[in-house]
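First, the structure itself, so that you have it in front of you.
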Amino acid sequence: MATLQLLEYDQMPAASQAVIDDIKATRGVDDVNNFWKVLAHQPDNLKRTWDSLKAIMGPGELDPLVKEMLYIAVSIANNCDYCIHSHTASAFSKGMTSGQYEELIAIVGMAHQTNAMANAMKVPVDAMFDKG
Amino acid sequence: MATLQLLEYDQMPAASQAVIDDIKATRGVDDVNNFWKVLAHQPDNLKRTWDSLKAIMGPGELDPLVKEMLYIAVSIANNCDYCIHSHTASAFSKGMTSGQYEELIAIVGMAHQTNAMANAMKVPVDAMFDKG
Amino acid sequence: MATLQLLEYDQMPAASQAVIDDIKATRGVDDVNNFWKVLAHQPDNLKRTWDSLKAIMGPGELDPLVKEMLYIAVSIANNCDYCIHSHTASAFSKGMTSGQYEELIAIVGMAHQTNAMANAMKVPVDAMFDKG
Amino acid sequence: MATLQLLEYDQMPAASQAVIDDIKATRGVDDVNNFWKVLAHQPDNLKRTWDSLKAIMGPGELDPLVKEMLYIAVSIANNCDYCIHSHTASAFSKGMTSGQYEELIAIVGMAHQTNAMANAMKVPVDAMFDKG
Amino acid sequence: MATLQLLEYDQMPAASQAVIDDIKATRGVDDVNNFWKVLAHQPDNLKRTWDSLKAIMGPGELDPLVKEMLYIAVSIANNCDYCIHSHTASAFSKGMTSGQYEELIAIVGMAHQTNAMANAMKVPVDAMFDKG
Amino acid sequence: MATLQLLEYDQMPAASQAVIDDIKATRGVDDVNNFWKVLAHQPDNLKRTWDSLKAIMGPGELDPLVKEMLYIAVSIANNCDYCIHSHTASAFSKGMTSGQYEELIAIVGMAHQTNAMANAMKVPVDAMFDKG
């Protein structure tokens, strides 16, 4: 149940079609995921979001799989249903092993636990961590 | 301003001292961070937390630096002041470069943006992502 | 799948019926949304919540549509499925345009991104912002 | 660093003074905490908030200490610095023991961990939990 | 739609079966909930999580029903669908009354409101709350 | 206590100086806030963030003050200390009245309360809200 209907390519404004064309070409796919089909109602949001995502998730100093795992970690913390599913699928398609996934889940769970404990007791930050 | 005073080693219950000894030995350090000095009031919590953290952050399929970066990503999403500082410092000590840090910040920011957008429009999860 | 059954008017305690009567009269509707039908199990919560909501969302210095958009923004950040749907529908019924909705989504996404970045790097608050 | 200055009693609008009088009388205190001194700028918010809090935290089926501990649990999850401090202090003043506090911290930490894990893997809700 | 398939007992690795056996024996049940059937893919996570949960939710200074209510409060704040359902069902099975549930919902709602207000205006923590 | 030092203009990489020049020119100010001085360590993040912010917060269908208030609402929900301060100051500088600020705080608090209550009882979304 979305707040806007999914748009298929023929239903999109031309400005959105141009972005979708670039997503397909960049990813080498015939169709795009639902996120883009909803966002296609909003050409400016679509273009800005894709341009940033393309740059940020493209080649860099971090391994593409590490980038996906970081994306999953944030998506879990924000409880974004859609994003957890899409980035977990993407990480598996980039070679994430079952063992790596188990470690990811363990770290994310552990971080939530200690985040809560440190926040709960308002632990003062050690002076040695200050760089600012 | 913590909810409990920091305990120095001599002030800790014996059950907590044993855990602190293991932290020092495992990490090869002379003293522990404030998180442990506060948690030392609660020997059961201290032991359970350290035992899990030691196992989860120890050797595995993921690189130690990747583990720290995942921890940072969650800590940012939960806005845990203490954890952001301690794990960012730890990642730099494990060799995180400025460029990697810039990419980490970019990914975490981007994920927050698209998490919010997907949640906002309640984008339906693509059937192809279903594994369960 | 709710934790309590939806109650239709005839099934509600009398104290809840009185509140439902006021919601219908205030909004000029024949029936109320599911939120109220679940909350009708708890007459005190129902009355307190409706009384506050009626006062806060009623006439004031802010435009009614602006109030709805602020409600949507918070509901997205808290990822409240029900609230996102109900307040987005309400905003459209109060005249929100497609262009305004696109800008709302853009701002909410952007705010999530910079919130995460500022939290990540623990940017110190400028002294000029201090009013307290 | 607050967004509004703390108001002492003589600086408050009369409508706020009346609420502050009721807080002092209800709690048997000579002065109120900073939360109320900031909120005193906004008489309507002050009155609505105090009236609801007085009713909700007053006598009921749950023990007053249990109510405080539930308040702490939510405040930790929302990372509200002020609320964690004020409700933790309040719980101790109502007799919370060190052992109870340790268990509270353990439960809050554990819940954060399993919340994250269940969200991460999108575990489907068991049919037997459905009451709605 | 989970990210991993539910595993029935016969499909689990032996290390997971041993944990499931302990859950069944401890709780006196014939089958376990879906959370454990998903987590059974990851024997180390399963064992660590169950061992901690068993210790934390077992006999202590806090009443078992209070422990469940604290778990619910955190799960609501984190909006964990699965956890809200499972712990609410568990609390009702341990004797939570309708009146107690209404008070729990009221406190959790109220805490979210004042958490937001205190965070919004960055109310400075009273010096009297400082214990650290 | 930031994770990176504040950079003054003369200390920034040239790519960052160019962005800072545009911020100053666009806003008609002599100096920029701390957010930009920290982000100046990361020229790509700085440029992408400013370009998006400039476009999103610039002229559109929503009033500039409404945009700031939406930004504040999200920043409160995410508890971003820096962002709450900077955008609240910005809203006041754009003419937000005390009455409007009181209403904003009331709405944000109320939304948090009903978000929590709807999430707590997992209220099913009314079919009439479905547009997707």
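By written order: A, B, C, D, E and F. Residues from 1 in each chain.
As a convention for this text, a contact is a pair of C-beta atoms (placed from the backbone, for glycine too) under 8 Å apart; a residue touches a chain by one contact, two chains touch by 3 or more.
Only a predicted model underlies this, so the values are computations on that prediction, with no experimental measurement involved.
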Pair joined by the larger number of C-beta contacts - A-C, C-F: C-F
Listed pair (B-F, E-F or A-B) duplicating the A-E contact set, over half by residue number: B-F
Mean-CA-position distance for subunit F and subunit A (Å): 21
Distance between the centres, which are taken as Cα means, of subunit D and subunit A, whole angstrom: 34
Subunit D-subunit F separation of Cα centroids, rounded to whole Å: 27
Sequence positions of subunit D contacting 2 or more other chains: 1-4, 6, 38, 44-45, 48-49, 52, 56, 74, 76-81, 84-85, 88, 105-106, 108-117, 119-122, 124-125, 129-132
In the complex with subunit B, residue positions of subunit A that touch it: 1-4, 6, 33-35, 38-39, 45, 49, 52-53, 56-57, 60-62, 66-67, 69-71, 73-78, 80-83, 85-86, 88-89, 97, 99-100, 103-104, 106-108, 110-126, 128-131
Of subunit F, residues touching subunit D in the complex: 79, 84-85, 88, 98, 101-102, 105-106, 109, 116, 122, 124
Interface residues, subunit E side, partner subunit F - complex: 72, 76-77, 79, 81, 84-85, 105, 108-117, 119-122
Sites on subunit C touched by subunit E in the complex: 1, 3, 41-42, 44-45, 48-49, 74, 78-80, 132
Residue numbers on subunit D that touch subunit C, as the complex places them: 1-6, 38, 44, 48, 52, 55-56, 125, 129-132
